[in-house]
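Take a look at these structures.
After this come two complexes, each holding chain A, first together with chain B and then together with chain C.
Take a look at the complex of A and B:
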C-alpha cells in the first residue's frame, strides 16, 4: 500500500476546500434561513377551483392584517394565472404556486424566484425584489408542445407607490 | 487476450453507439438552428420537441450504454487475459438493448414520445417508448452480470493477487449501474408502465420524481467512468510515463461510485415534495463526490508532468510544451481536463443549494452538461475508439493528422457552443424552449449568443462526421498492412503486489452503498406512503 506524500497533502487540501463550501452553505441555511423551496405541503391539483386557497377569486396578490404579502398563483398549460400581477419592491413576498395539470417550473429571470411546480404539492418561495421594473414570469420545465408560450408578467413597483394604491386591500384578485 | 468473440462484441456494441451518436449530432445542429428563430420555415415545436427527445435519448442512453458495454468487453478480456464468460448471454444482452432502442425510436420519431429524455410524468408518451427504454436497461444488466462474474472468477483463479486497475474500474462501474438503474426501474415498473398501458389512470408525480432523482445523478458517473478509466490505465503509458499511484486510483473509483448514489436530491433542490433537511444531506454528499475528481485531476496531471520532464521539460511549466501533443490519447486528455475544469466550476454552482436557484432549469444547465458530458466525457470516448479500433480491426489508424484535427475541432466547437449557452442561462433564458416568444426587452440580449451557438454546433457536427469517417476508413481500409500491437496498460510508479482487500473487492462497498441509500432515500420515498398525497389528474396529457 503506497500513497505518495504529495498525494496525501493534496487529498487534505481537497477535503478543506469541500468542507469550506459545505460549511458556508450549511451556515447560511441554518442561521440565515437561506433555503430552497421545501415545504412538503400537499394539495389536490384536480380540485383547485374548489379549494379555499386557490379558487379563482383568491388568486393574485393579497395582504393580511399584519401586512404580510402573499402571492397565490396557479400554473396551467399554458400560462401562470393571474397573467399580470403587481408587487412592491424591497418587501418580503411569499409566493405560493400550484399546478392544475402537469409538471411546470417557474423562474423570474434575474431574481431567485425559482421553483418547480409539481402536481399534488404547493411550492412556497419567500423572496423580495430589490429593483422595480417589468419582469417576465417564465415556465422553465417542458410541459407540452405549447411550452414556449407559457409565460406571464410581473410588475415590481416602488414600495410607497404600491402601498398607496393597495392601502385597503385584503385578499382577492388585485390585477391592474 | 483478444479473440474473435471480443472483437465482434466490442465492435458491434460500439458501432451501435457511434451510429446513434452521429444521428443525434445532426439533430443537435437542427435544434440550435430552429431555436434561434432566424429561419421561419424551420419553426415547429412539434418537430423540435420530437428531435430534442430523440437527441437526448440517443446521446444519453444509447451512445453511452452501448459504448460502455463494448469497452467493458474489451477491458475485461484484455486486462484479465480471459475469454468473455458466456458470449451467448452477452449477445442476448446486446440484442435486448438494440430491440429496446428500436422500439423506443418508433414513437420518438413519429412525435408520439415528445416527453424529452427525462420523461417527467404526468406528460405521457406512447407505451412503446417506456417499454423500449426499459429493455435497453435490461439488456445492459446482462453486461453488468458478465463483468461481475468475470471479476469474481479471476479473483478465484488468482487468490491474493490485485485485480488489474482497468477491470477494477469496469466492475465498479457495472455495480454502480445496477444500483443506479434500480431507481428508474422501480419508477418504470410500478408507476410508469402500468399507467402508460392504461392499467392505472393517475400517477404520483412526487414519488416518480424522487425515484428518478435516485438514478439521475449516478447515471452521469456511469457515463464518466470509462473516461476516468482511460485517464488512469491508458494515458500515462501513451504519454511515456507511469501511473502516479495505483492505490489512489482505486480510492478515487470507490469514492466516486459510493458517493455518486446517495446524492440525487441536488436535482430536486427546487422541488416542493422533499424537505430541506434531506436536500442539505444530499448537498453534503454532492460535495464529497467532487473529491475523487479533484484527486483524479491531480494524479493524471502528475503522470503528465512526469512524462513532460522525462522528455526534457524544465521549470515550472516547461513540461507542458514537451508533452506528446500529437498523441491522440494525450491530446484528448489535455482537452478533456480543460473542459472538466470549467465544467466543474459550473457544477459547484449547481451543487450550491441556494445559488442553484439563479440557474435552475435555465440554459446554463444544458450548457453545463454538454461541456461535462459531450465535452470531457465524449472526447475520451473518441480517444478510446482511436486507440482500440486498430487493435480490434488489425488495421492501422487511418490518419493521425485528421485524428488530431478532429479532437481539436471537437474541443473548439464545444467551447463555442457551451460558453454562450451558460451566458444565456445567466440572462434568464429557460432551457427546453423551441423558440422565444416572450414579449420582453430582456430577450433582445439573447440573440447574439444564439448565433454563436449555431456556429459552435456546425463545428461540432463537422467534427463528429470526421470522427465517423476516420473510424470507417480505418476499419474498411483496403491496404494489406496489418496492425499487430496489443493493448498497453500503464504501469504504476510504485507497482503494488498486494493491496488491502477493501481496495480489491466489491462486497464491502455494496454494503456501504446499501446503508447510505437506506439513509438518504429510505424516508424520502416512504413519506409518499405515510402522508396523504394526491395523484395527477386522470385526463391524460
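Take a look at the complex of A and C:
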C-alpha cells in the first residue's frame, strides 16, 4: 500500500503528540495520584435513613481525630442534602455521595468535583477546593421534572477560619 | 499549473514542501500548548481528584 511520505510524517507526528499526552497523564497518575475515582461500595438506597452513615443527623461535614474531613451527602429528587455546607479551602476532602431514589449526577462548576450518583452505590471522590467562595452543587443527570431545580450550595472558606470555627467533633453544616 | 514554465513546474514538484511543514508545525505546537494549558493551567489548579 502506497502512503504519501508527507502523510506518513504527519501520522507520525500525531502519534508522538498522543504519546506525549498519554505520558503526562500516566506520570500524574503514578506520581501525583491524579486518578479517576474508582470506589465500588454498595448500600441499600431504600434504607439510607436507617443506616449508620447516612442517617439525617450524620450528613454534612465531619472531621475525625486524625483531621480527615469527610463530607456525606444524599441526593434525592429534587435536592442535595444538606442544602448548604461549609468546607475548608486547600484541604483534602472525601466526598461520599448516595442517592435515595434514582440516578443523579453531581457537578460543582469551576471545580473538578463531578460524579454520577448511582442508586445502590456509594460514590466516593477525594478532592480539594483551592479557591474560597460560594459554589453551587448541580445535578447533571436528568432525574425527573424537577431536575433543573435540583441544587445545593457549598461554601469554601479559608482553612484557618474553618479550623477555628469547628472543633474536632463538629462538622461544617450550616445547621450546626 | 498554467503560466509556469516546465523548469518552474519541476522545481515546485521536486522542492521541499516548506509551507506544509510550517502549517503542520503550527497546528501541532498550538495543539500541544492548548492541551498543556488546559491540563496544568485549568484542570490541576482546580483540585486534584482521585
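Following the convention adopted for this analysis, the second predicted complex is superposed on the first by the 168 of 176 C-alpha atoms of A that agree within 3 Å, B and C clash if a C-alpha of one lies under 4 Å from a C-alpha of the other, contacts with A are read in each partner's own complex, and residues count from 1 in each chain.
The rule is short, and it goes like this: contacts are C-beta pairs under 8 Å (C-beta built on N, C-alpha and C of every residue); 3 or more make two chains touch, one makes a residue touch a chain.
Bear in mind the structure is a predicted one, so any value in this text is a computation, not a measurement.
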{"item": "Contacts of A:164 with chain B and chain C, given as first, second, both or neither", "value": "neither"}
{"item": "Chain B versus chain C as contact partner of A:10, first or second or both or neither", "value": "both"}
{"item": "Touching partner for A:35 - first (chain B), second (chain C), both, neither", "value": "both"}
{"item": "First, second, both or neither for A:122, with chain B first and chain C second", "value": "first"}
{"item": "Larger contact residue set on chain A - chain B or chain C", "value": "B"}
{"item": "Partner chain in contact with A:112 - chain B first, chain C second, else both or neither", "value": "both"}
{"item": "Partner chain in contact with A:130 - chain B first, chain C second, else both or neither", "value": "second"}
{"item": "Partner chain in contact with A:21 - chain B first, chain C second, else both or neither", "value": "both"}
{"item": "Common interface residues of chain A - those touching chain B in one complex and chain C in the other", "value": "6, 10, 17, 21, 28, 34-37, 110, 112"}
{"item": "Chain C contact footprint on chain A (complex, rising order)", "value": "6, 9-10, 13, 17, 20-21, 24, 28, 32-37, 110-113, 125-130"}
{"item": "Chain A contact footprint on chain B (complex, rising order)", "value": "45-46, 49, 114-116, 120-123, 204-206, 209, 244-248, 268-276, 279-280, 283-284, 287-288, 290-291, 294-295, 298-299, 302, 348, 352-354, 356-358, 360-362, 427-438, 440, 442, 494, 496, 499-500, 503, 527, 531-538, 541"}
{"item": "Interfacial residue positions of chain C with respect to chain A in the complex", "value": "17, 20, 24, 28, 31-32, 35-36, 39, 43-50"}
{"item": "Residues of chain A touching chain B in the complex", "value": "1-4, 6-7, 10-11, 14-15, 17-18, 21-22, 25-26, 28-29, 34-46, 77, 101-103, 105, 107, 109-110, 112, 114-124, 134-136, 138-149, 151"}
